[in-house]
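Heads up, there are several structures right after this.
Common to both upcoming complexes is subunit A, partnered first by subunit B, then by subunit C.
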Partner chain A sequence: MINLVYNEMVKITGKRRLLVVALIIAILITLFTYAQAQQAADNRERFGDVDWRIALEQRIAGWEARLASGGFRGDDGELELRIAQQRYYLDQDVNPAEPGAPTFVRGFVENGISLLLPLMMMIVAADLVSSEHGAGTIKVLLTRSVRRWRILLSKYLALLLSVSFIITLFGLLAAVISGFVFGYQGWDAPVLTGFSTTGGELDTSGVRIAPQWQFILMELGLAWFVSVVVATITFMLSVLVRTTAAVMGIMLACLIAGTILRTMVSSWETAKYLFMVNLELIDYLEDAAPPIEGMSLGFSMLVLLVWGVIALIVSFVSFTRRDVY
Partner chain B sequence: MTGMTGAAAQEEITLSVQGLRKVIGKREIIHGIDFELKRGEVFGFLGPNGAGKTTTIRMLVGLIKPTAGTIRICGYDLHRQFPEATGSMGCIVENPELYSYLSGWGNLQYFARMMSGIDEARLNEVVKLVGLSARIQDKVKTYSLGMRQRLGIAQALLGRPKLLILDEPTNGLDPSGIREMREFIRYLAESEGLTVLVSSHLLSEIQLMCDRVAIISKGRVVRVDTVDNLLAQQERVSWRLEPIEAGMQLLRELAGSADLQGETVLTPYDEQEIGRWNQTLVEAGVTVTEMSRRLPSLEDLFLELTGGESID
Partner chain C sequence: MNGRWIKGLMAISALSGFIWLGGLGWTLQDYFAGAVDTPAAPAPVEEETAPPIPDDGKFRVVALGDSLTRGAGDPDGKGYVGYMTDELKTKAADQDVLVNNYGFDGMRTPELTSSLAKPAVRAELKAADVIVVSIGGNDLFRSGETLGNLDPGYIATIQEAYLNDLDGVLKELRTLNASAELFLIGLYNPFIARENAETTTKIVRDWNYRAAETAADYPDTVLVPTLDLFQLKIQDYLALDQFHPNAEGYKLIGERVASLITWEEESE
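And now, the complex of A and B:
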């Protein structure tokens, strides 16, 4: 099996798929880093004279006053955490408006999880099986003395390896490239997480502070999960549809439909069972409201898991039974 | 282990096909095919396009699942003992499609990793056998069709198979390439003891390299015989005569049958009698301007064997 997986990796790298993905990611990160640097420069110009330390101290003083007078309607715990969070910036002498590489990585993963990363997975997964049909090499592949399910399994394992590689690369490149501009500080800056919703209200009782590096790891973990599911669905399409272009087209349509549907699901509730509506897992870690009431991190992960498992079963059943012409 | 009993070892059966059928949708494509291949023979699979050659071959190599029937390769059931059965077989189905973005050597390494017991020495041996040593490190996309064909054969021979299945092996090759391929196939059968199954729609090709032939038409094997037997029965003489009507009339009496085809008359060939026929014609005042032995065309053979069914 190791040999078979090795063979599949030879093909993926032979077609320079991983190189293309790495280049796309590197170029995009450079672009966004530049854009964010420009934005920071803009802000500095606009609020140039105001010392950020003084502004931050004023904000903390305001919150503390509110806490003392009991005028805050929400949960006291959350406010205390927010104060603690801001104090960190003062203590560490870090301008919260001018973050370092870690903050960039955090934002980049968050934005990339629903479209950019799935697209990258598509590049690798779309032609994994369909290209063998297209090039006719399926005939030499399936006439080896290896059973078909082992061939497909080796392809899937190679895909999982590639997905893991891309996610790691994504995180590393984002950190390294943006760090050139923003510096590498702020790995243990505090991030608020643990929000949940109950009955339509934001429930902050579970909120806690996590160091930023931990939060980034959580994000990357969720991004990996989403990527694996998207890759698995693309993999299934690659088995079912014999042309790579059609696989890409169908998958693109799904992903783009997902971004549109996400804004409309509030009026179409059953859409929450579609995989493409459930890709933004990271939002659940932060205080954004879910697109539909009742959707939670657990729910979305379960939906994705079910889609992934079904896709995998369909792939194997179809691949092992089908006649090849 | 070949799974062979001692008694069968003398005439070792490398491929045995029994009651092979394939139904697609409601149409029956293959209507029950039986044949057996012995060790060291080159077996031709002859039929027009659309006769079911390719479907049958794809069933033999495991790409298509038969609706009914059994295929045994060196005694292993293809369906139930797939790895063992395909392990004793090498094949090229239609064009030799390999990974064009890898080098020839890269392709062979790739296939070697899918089998056990193939070392670098075997790779070198196979490359040398097909005469690709000079270009083996180049990417396959730079190869000519002939070179791809050779690499395809190298790939098929890599696992030291006992049975080699080649689907239209000379398709797209130039005349010298075709001759080389033919000689190579004969060499494999005679010197290496391989059983080779070759499919083709060209009778001349089959005639030159095969020991036995199965003629397939509309999903059935209509005849299995040695090439010599088939040709002897079907060989004809074409006559160019002046005047043609009178000559044809006379030949019909002499040879039993004579058919007009274009400007020539076709009769069966009979080595003993043909001189006398010619003499009779001349004596009767018919000028024989041309007289030639004609190998049967596939078309003739088909018309004969299938009783009027023509090639598409």
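And now, the complex of A and C:
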């Protein structure tokens, strides 16, 4: 089995797919790093004469006064955590508006999880099976003594390996490249997490502070899960549809429809069962309201899991039963 | 040679796969179990009555109110309370001046009422020699909302509500502390250089007049006017947000309040 997987990895690397993905990610990260550095410089120019420490101290003092006088309309516990969070920046002498590479990575994963990462997965997964049709090698592959499901499984395992590798690459490149510009400080900066929504209202009772490195690890874990599901669905299409271009077209349409739907569907409730509406898992860790009421991390992951499992079953059934001629 | 490279890649990929799976597991554990082990019961409520503060000879100032008390717009964050204290300290260098500032941005009068229920605030108020209050600006302007609706009927509604709340606040303050001098900071018109200046200034003038009438029911309660301070050279005294005073503007208010504070303690 491991030889079969190895064989598939040779094919994937031979097509330089991973190299293309790495290049795209590296170029995008460089662009975003540059944009963010420009913005930071712009802010410095505009608010240059204000010392951020004083501004931060004022904000903390304001919050503390709010706590002391009890006029705060929300949850006191959340405010205390926010004060603790801002104090970290003062203690560590880090300007919260100009954070280091870890904060960049956190934001980048958050923004990449719903479109950029799935697109990268698509590049690898789209032609895994369909290209065998295109090149006519499918017959060579299937006339060997290996059972069909093992061939497909080896392809799928190679895909899983590639997905894991791309996530690692994504995190590493983001940290290394942005670190050149922003510096590598802030791995243990506090991040607020544990928000939940009950009845459409943001519930802050479970809010707690996580160090940033843990939050990034959690984010990448979620990104990995999303990527695996998207890759699995692309894999299924690659089995069902014989031209790679069509696979790419269908997946692109789905993913882009997802980004549009997420902003529009709050009234169309059944849309929450579509996989592309459920890709922004990281939002659940933060204080963002879900696109449709009733969605939660557990719900979205379950929907994605069901889609992934069904796609996997369809791929195997179709691949093992189909006549190839 | 190529083969070993790919095998290495596979090993790294497999390893990272397990790491991210671990990250996913951690997320789930944190998301679903984390909420449970945070204490479900709210943190123990502060003791109902804070211990009374003994009179240690210090001159105690308690500041209550909105962003003016907080000092929004002042790069140093001192606000009129800070400049007032500076002034007091130069007036009587041998006197210890202790300031407690409970102001926060955006405070409206109902919130002031609820903050008066806090035991710590009540204890401070009971021991205060001077109480300064800036309130009403957010009741009237509502983050600029009111500018779009200068209808007299609407203004009258919010004014009645404000005066009613203000009366409650003053009554409560006088119940807590009958002897402290109480300074209520009047409103200025930050929109005096904009369109409808005549209307807005009239509204502010009327607002201050009615507030002063309400304050007149209580002893040693002074409404400190600020409308005149900002009337002529508003641009010199406003912060970048064109609403809050800047450092110079706060200095004007602070000095005016400080000039009203007398030093009976000294003569004793």
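To be clear about the criterion, the second predicted complex is superposed on the first by the 325 of 325 C-alpha atoms of A that agree within 3 Å, B and C clash if a C-alpha of one lies under 4 Å from a C-alpha of the other, contacts with A are read in each partner's own complex, and residues count from 1 in each chain.
Quick note on the criterion: contacts are C-beta pairs under 8 Å (C-beta built on N, C-alpha and C of every residue); 3 or more make two chains touch, one makes a residue touch a chain.
What you see is a predicted model; the values in this text were computed from it and never measured.
By the touch criterion defined above, A:Q185 lies against neither subunit B nor subunit C after alignment on the C-alpha atoms of chain A. Judged by the touch definition given at the top, the superposed model places A:Q86 against neither subunit B nor subunit C.
Look at A:N43: by the touch rule set out above, it reaches neither subunit B nor subunit C.
In the overlay built on the shared chain, the residue A:S145 is in contact with subunit B alone; subunit C does not reach it.
In the superposition on chain A, A:R208 contacts subunit C only, with no contact to subunit B.
In the superposed model, A:S318 makes contact with neither subunit B nor subunit C. The partner that reaches more residues of subunit A, of the two candidates subunit B and subunit C, is C. Within the superposed three-chain model, A:L217 lies in touch with subunit C and out of touch with subunit B [touch as defined at top]. Once the two complexes are laid over each other on the shared chain, residue contacts for A:L161 go to subunit C alone; subunit B is not touched. Once the two complexes are laid over each other on the shared chain, residue contacts for A:N111 go to neither subunit B nor subunit C.
In the superposition on chain A, the residues of subunit A contacting both subunit B and subunit C are 6, 10.
Interface residues of subunit C facing subunit A in the complex, by the touch rule stated above, are 3, 6-7, 9-10, 12-14, 16-17, 19-28, 30-32, 34-35, 38, 42-43, 64, 70-71, 75-77, 101-105, 107, 111-112, 114-115, 117-118, 120-121. Residues of subunit A touching subunit C in their complex: 5-6, 9-10, 13, 18, 49-50, 54, 57-58, 61-63, 65-66, 68-72, 76-77, 160-165, 167-168, 193-194, 196, 205-206, 208, 210, 214, 217-225, 284-285, 297-298, 301.
Per the touch definition, subunit A reaches subunit B in the complex via residues 3-4, 6-7, 10-11, 14-15, 135-137, 139-140, 142-147, 321, 323-325. Against subunit A, in their complex, subunit B makes its touches with residues 58, 61-65, 82-87, 89, 91, 93-95, 97-102, 106, 110-111, 113-115, 155, 159.
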